[in-house]
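Please see the structure below; I have some questions.
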Amino acid sequence: MNADLVFDLVLGAGLLWSAAGALLGRDRYGAVILFIVFGLLMTLAWVRLAAPDIALAEAAIGAGLTGALLLDALGGDSAGTAQRGASRWLLLPLAGAIAILLAGALRGLPAPSGELREAVSAALAHSGVSHPVTAVLLNFRGYDTLLEVSVLLAALLGVLGAARDARPARLSAAPLLQAATRVLVPFMLLTAGYLLWAGAHRPGGAFQAAAVLAAGAVLLALVGMLGGWTRPALRTRLAIAAGPAVFLLVAAPSFERTLLLQLPPQHAGRLILLIEAALTLSLGFILAGLFLALLRGDTAGDGQA
Amino acid sequence: MSSGLFYAILGCALFALGLAATLLLREALRRVLAFNVMGSGGFLVFVGLAQRDGVVDPVPQAMVLTGIVVAVAATALALALLRRLEQTDAHEP
Amino acid sequence: MSELAAAVALFLLLNLAAALVVVARGPGAADRMLAALLFGTTGVAMLMLSALALAQPPIVDVALVLALLAAIAGIAFVRRSWRTPERTDA
Amino acid sequence: MLDVASATLMLLGAGFFLAGTVGLLRFPDIYSRLHALTKADNLGVGCIAVALALQADGLAAGLKLLLVWPLVLLASATVSYAIAERARALGVPLDGGAPDDAP
């Protein structure tokens, strides 16, 4: 029984336990904190699956955005209220049954053909980048990425709409936390730039860079150095629009060609960097906005620490 | 058993847990968490199955990468609607 | 050397399993948050070790990002959701 | 020689992590548990970062590993301060059980 297998088994058990605890645990503090732990364990799982790109995104979004969103939501109402209902005890058997059915369905599958894999490695040379995941995201399946950015945009509009009549919030200043933030945020900007640049030839890229940028904004907001959004300023909206706009401008010439968003091989490298830079800006603002639009004002008892 | 297949099966279990919780739990916040667990399980199945022969496959990895970002956006939207719900409930007599 | 790194990473994972008990049981919300912080620091160490054990240098970037953002969840907990002085006994 | 050094540091780091977890499980109140975690674990991360930096191929990779340590230190120092401060403000009692006077 080698160390790798033991590692996977323990990690799997931890994932199941933290997920079950987050969903079935009594009070909501425990639920949200266990869910944050679940995110950290997922990061490890992606590392085990040799998917460092996903691990980067999971780490940045889980640690920087999801946790803050959920903890902020906890503060809103009576946190710690026990969850009642006999349905909790119905739940595990039902989940077990579904899991057995699904896992059973996996057994009949033929071996993976790997056609896509081969297609990617065959076309990688003409993609303009040497990192396959980036090539898939920005070149081979660029239209998916473009539409995905529009989905994020729609989500942000929805959040802004739902939080419309909330008053503009700015948390009370926390001097010592601000001092630490002044050190951390420049490193976040640096890391975001590094990830953006790295995407061309190794794990990294616009999504991870944007997630780190958004995490920086979340931190600034949490220590009272950045106010929440009610109506984004014009500059903000332009920055949000930059990514899709550049993407479409680059796509426009490709419409006469056969494939949508097929980049000309000779310029692909530069075009991808251009698109990724614009996407990082937009996605950073969008992801940050998801938190900033939901930011509530201080309520009684806040402001310490 | 390849670790790809292992994580695919693990993903099935997580997906099932999240699905059952989404259906059965009453608390809205738990449902949001359950929805996320469901998503993570689906992602694991997607990548794990594609790599069950132990070879890295960039295509599902790219899809899941964008999926994670969409999932957090959906979570934020759900939380926004949740708060809206609390406000309207509070205002009703 | 990579075998040792893998072994130490496994040891840290088992270490976390013990801490998971604290996250699940409490006693108080702050103790749970502490355990979550433990997961953060230990996770950083495990990622660095995995980079050597699995011979995947990019994993170090994941550790770097995690270390960079480690403070955010704790600060969000303190400033946004921890309101009630819950019992630390129980 | 280098391998011996990093092996020793790795094992040392693992020991520190173990100590931190034991502290988390055994110490009486939130304040002492904070001490246990933030000190032991950061030493653990430091030892392991140095151990791996010794193994790193190339200066940049090594420096990146060494950069991780101060970041973790800063994060946990900040958060442990914030949690302790908040716990005191909320009047979470010390081990003696006597509730600390909230300011």
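All chains are identified by letter, namely A, B, C and D, in their written order; residue positions are counted from 1 within each chain.
Simple rule for what comes next: contacts are C-beta pairs under 8 Å (C-beta built on N, C-alpha and C of every residue); 3 or more make two chains touch, one makes a residue touch a chain.
Just so it is clear, the model here is predicted, and its values are computed rather than measured.
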Pieces of the assembly after leaving out subunit A, positions unchanged: B | C, D
item: Between subunit C and subunit D, centroid-to-centroid distance (C-alpha), Å; value: 10
item: Euclidean distance of C-alpha centroids - subunit B vs subunit C, Å; value: 21
item: Rounded Å distance between subunit A and subunit D, as computed from the means of their C-alpha atoms; value: 27
item: Where subunit C touches two or more other chains at once, by residue number; value: 33, 35, 40, 61, 64, 68, 70-71, 75, 77-79, 83-84
item: Multi-chain contact sites of subunit D, meaning residues that touch two or more partners; value: 71, 74-75, 78, 82-83, 85-86
item: Contacts with two or more other chains, residues of subunit B listed in rising order; value: none
item: Set of all touching chain pairs, with the criterion as stated earlier; value: A-B, A-C, A-D, C-D
item: List of subunit A residues in touch with subunit B within their complex; value: 4, 8, 12, 15-16, 19-20, 22-24, 28, 31-32, 35, 38, 42, 45-46, 48-51, 53-54, 57-58, 61, 65-66, 69-70, 73-74, 76-77, 83-85, 87-88, 90-92, 94-99, 102-103, 106, 109, 111-112, 114, 116-117, 120, 132-133, 135-137, 141, 144-145, 148, 151-152, 155-156, 158-159, 162-163, 207, 211, 283, 286-287, 290-291, 293-294
item: Footprint of subunit C on subunit A - complex, ascending; value: 3-4, 6-7, 10-11, 13-14, 17-18, 21, 25, 27, 29-30, 32-34, 36-37, 40-41, 43-44, 47, 50, 52, 55-56, 59-60, 63-64, 67-68, 71-72, 74-75, 79-80, 171, 174, 177, 180, 184, 187-188, 191, 194-195, 198, 202-204, 208, 212, 215, 218-219, 222-223, 301-302, 305
item: Touching residues (chain side subunit D, partner subunit A) in the complex; value: 71, 74-75, 77-78, 81-83, 85-86, 89
item: Subunit D-facing residues of subunit C, complex; value: 1, 4-5, 8, 11-12, 15, 18-19, 21-22, 28, 30-31, 33-35, 37-38, 40-42, 44-45, 48-49, 51-52, 57, 60-61, 63-64, 67-68, 70-71, 74-75, 77-79, 82-85, 88
item: Of all residues in subunit C, those that touch subunit A in their complex; value: 3, 6-7, 9-10, 13-14, 16-17, 20, 23-24, 26, 29, 32-33, 35-36, 39-40, 43, 46-47, 50, 54, 56, 58-59, 61-62, 64-66, 68-73, 75-81, 83-84, 86
